[in-house]
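To keep things clear, I will list the structure first and then write my remarks on it.
When the chains are written out, they are named A, B and C in that same order, and each has its own residue count from 1.
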Amino acid sequence: MTVGLPGLGGSGEVVGVVAELVGVTVFALSGGLVAARRGMDLFGAVVLALVAGLGGGTIRDVLLGAVPPTNLSNAWALGCAAAAGVVAFYADLGLARFRRAVLVLDAGGLGLFTVSGAVTALALGAPALAAVLLGLVTGIGGGVLRDLLSGQVPVVLQDDIYALPSLAGSVAVVVLWQVGAFSATAGVVVAGAVFTVRLLARRRR
Amino acid sequence: MTVGLPGLGGSGEVVGVVAELVGVTVFALSGGLVAARRGMDLFGAVVLALVAGLGGGTIRDVLLGAVPPTNLSNAWALGCAAAAGVVAFYADLGLARFRRAVLVLDAGGLGLFTVSGAVTALALGAPALAAVLLGLVTGIGGGVLRDLLSGQVPVVLQDDIYALPSLAGSVAVVVLWQVGAFSATAGVVVAGAVFTVRLLARRRR
Amino acid sequence: MTVGLPGLGGSGEVVGVVAELVGVTVFALSGGLVAARRGMDLFGAVVLALVAGLGGGTIRDVLLGAVPPTNLSNAWALGCAAAAGVVAFYADLGLARFRRAVLVLDAGGLGLFTVSGAVTALALGAPALAAVLLGLVTGIGGGVLRDLLSGQVPVVLQDDIYALPSLAGSVAVVVLWQVGAFSATAGVVVAGAVFTVRLLARRRR
């Protein structure tokens, strides 16, 4: 199985692969930043980056029976996640910039993995309702594992506008797919919309 | 795959479906109550209700290779869990009634999912010993995830008479199945016995 | 599927089975000790011993699609893990000896499960990179679950020389396997090397 948006073919496949790697990288950066902030060392930062970056996709693949999970044998995904952990560890942001960075990175991963989860489920023949749930679980999975392992209550349980944009994005992907209107471009637009809504909701406060 | 007690057919199947939905609902109510008590908002309560209500069955299905997990494409299960989260969020119980409610709901889910886990494993051809373990893991799984995500040490590790009635119930189901004496009625009786033992053990204190 | 080092046959198979049981037992002992230290009762200690002893192998099998996980239907593994929980509960060590015991037991499990994870992945046809990751995840999995459930940040995130020896051992197994030089003896040597490096790194402090 290839990483990304299966079933789109050609340039859609390329967009999917790039989107997955961007998603892995931004979630991994958030993991590395959290690790550094909580006083972990470089190795802890790399491990938490791997967990955050690869966690959502791994949960997605296990729930769909696509084992071993694709990202675990994808040198690009592993390399991006590990490198992100190193970069984040040495980033040395102040508290305010740390919080903003994690918020933005996490929102990016949320959007990209929501789309990735729903599309992968649909491409593997899952029912529509399961695909919606898979989008949600894949989108929030990496952040939940990151927060759990670093001893925090997951952000999805603390923040009202987190699961909701992911759920809406997942529904949008499934509806577009069902009516035959899904494309790589549509996927990027949905991911961007989830990202934007998540950020706007936080800013408004 | 249908939800519930596979391999029973006819009215047994109906009992199984209803039992699974009751189990999902009571565990979901416990999740929503815990979320509200810990100061989460409505969305957090719904997410924790989904995790508690669907977690045990999802672990069961992943361990048995029945993917995507049945409850993730079951509109009734999802609807019951989400509705339970909303209801629990607005229940507004005092601390004493909150504790009692979570205890009773959790015990109900423990009994029903213990039976559901063991029966599903047997129906899918798992060895007897694996079926016993699956009953235990399915019974305690939703509560473990609920407690972990809300930042608590799981009740199964804190309370002596929790894993034990689940284990005994799971053994009872497997033995009844092996001697050909399992039925929907027997399943309900075992679930009720697990529920009762769990509550009596707590009351005694 | 049998437990241990599949694909080796004959005496290699025996070594694999024994190594797996030793790994289960030492991780389970660490789980039971942690439970007792944190004030859990006997049942909590047995449950945490089962989680620590069987967790890594269960994650390994789920990620490889070998379900139901082998250890869940292995009476020896279950018996060793449960017995280890009881023994650890009554061990009554002082704080210093408790810390040393958990360190040594955990390092032993880390080494043995790193090898077990990589070998099982290779024997089931996983790509080399996935096998490396599976060795790491299997090696650290039991300890991560033990720490998470007992309300601690996992040791792998706290301690620099933990993931690294596991990763190196996993790479060694995969390289040896690829050049056709892997054997049961080689597996034991690699596990011993992971164990030794982990302990030396801690002592140095």
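Rule of thumb we're sticking to: a residue touches a chain if its C-beta (ideal position, glycine included) is under 8 Å from a C-beta of that chain, and two chains touch if they have at least 3 such contacts.
Since the structure is predicted, the reported quantities are computational estimates derived from the model, not experimental observations.
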item: Category of the chain touch graph - line, ring, star, complete, other; value: complete
item: Copies chain B and chain A - interface residue numbers shared by over half, same or different; value: different
item: Distance between chain centroids, defined by C-alpha means - chain A, chain B (Å); value: 29
item: Multi-chain contact residues (two or more partners), chain B; value: 62, 65, 148
item: Contact set on chain C toward chain B in their complex; value: 35, 38, 40-44, 46-48, 58, 62, 65, 67-69, 72-75, 78, 148-151
item: Chain C residues touching chain A - in the complex, by the definition given at the top; value: 62-65, 121, 126-127, 129-130, 133-134, 144, 148, 152-154, 156-164
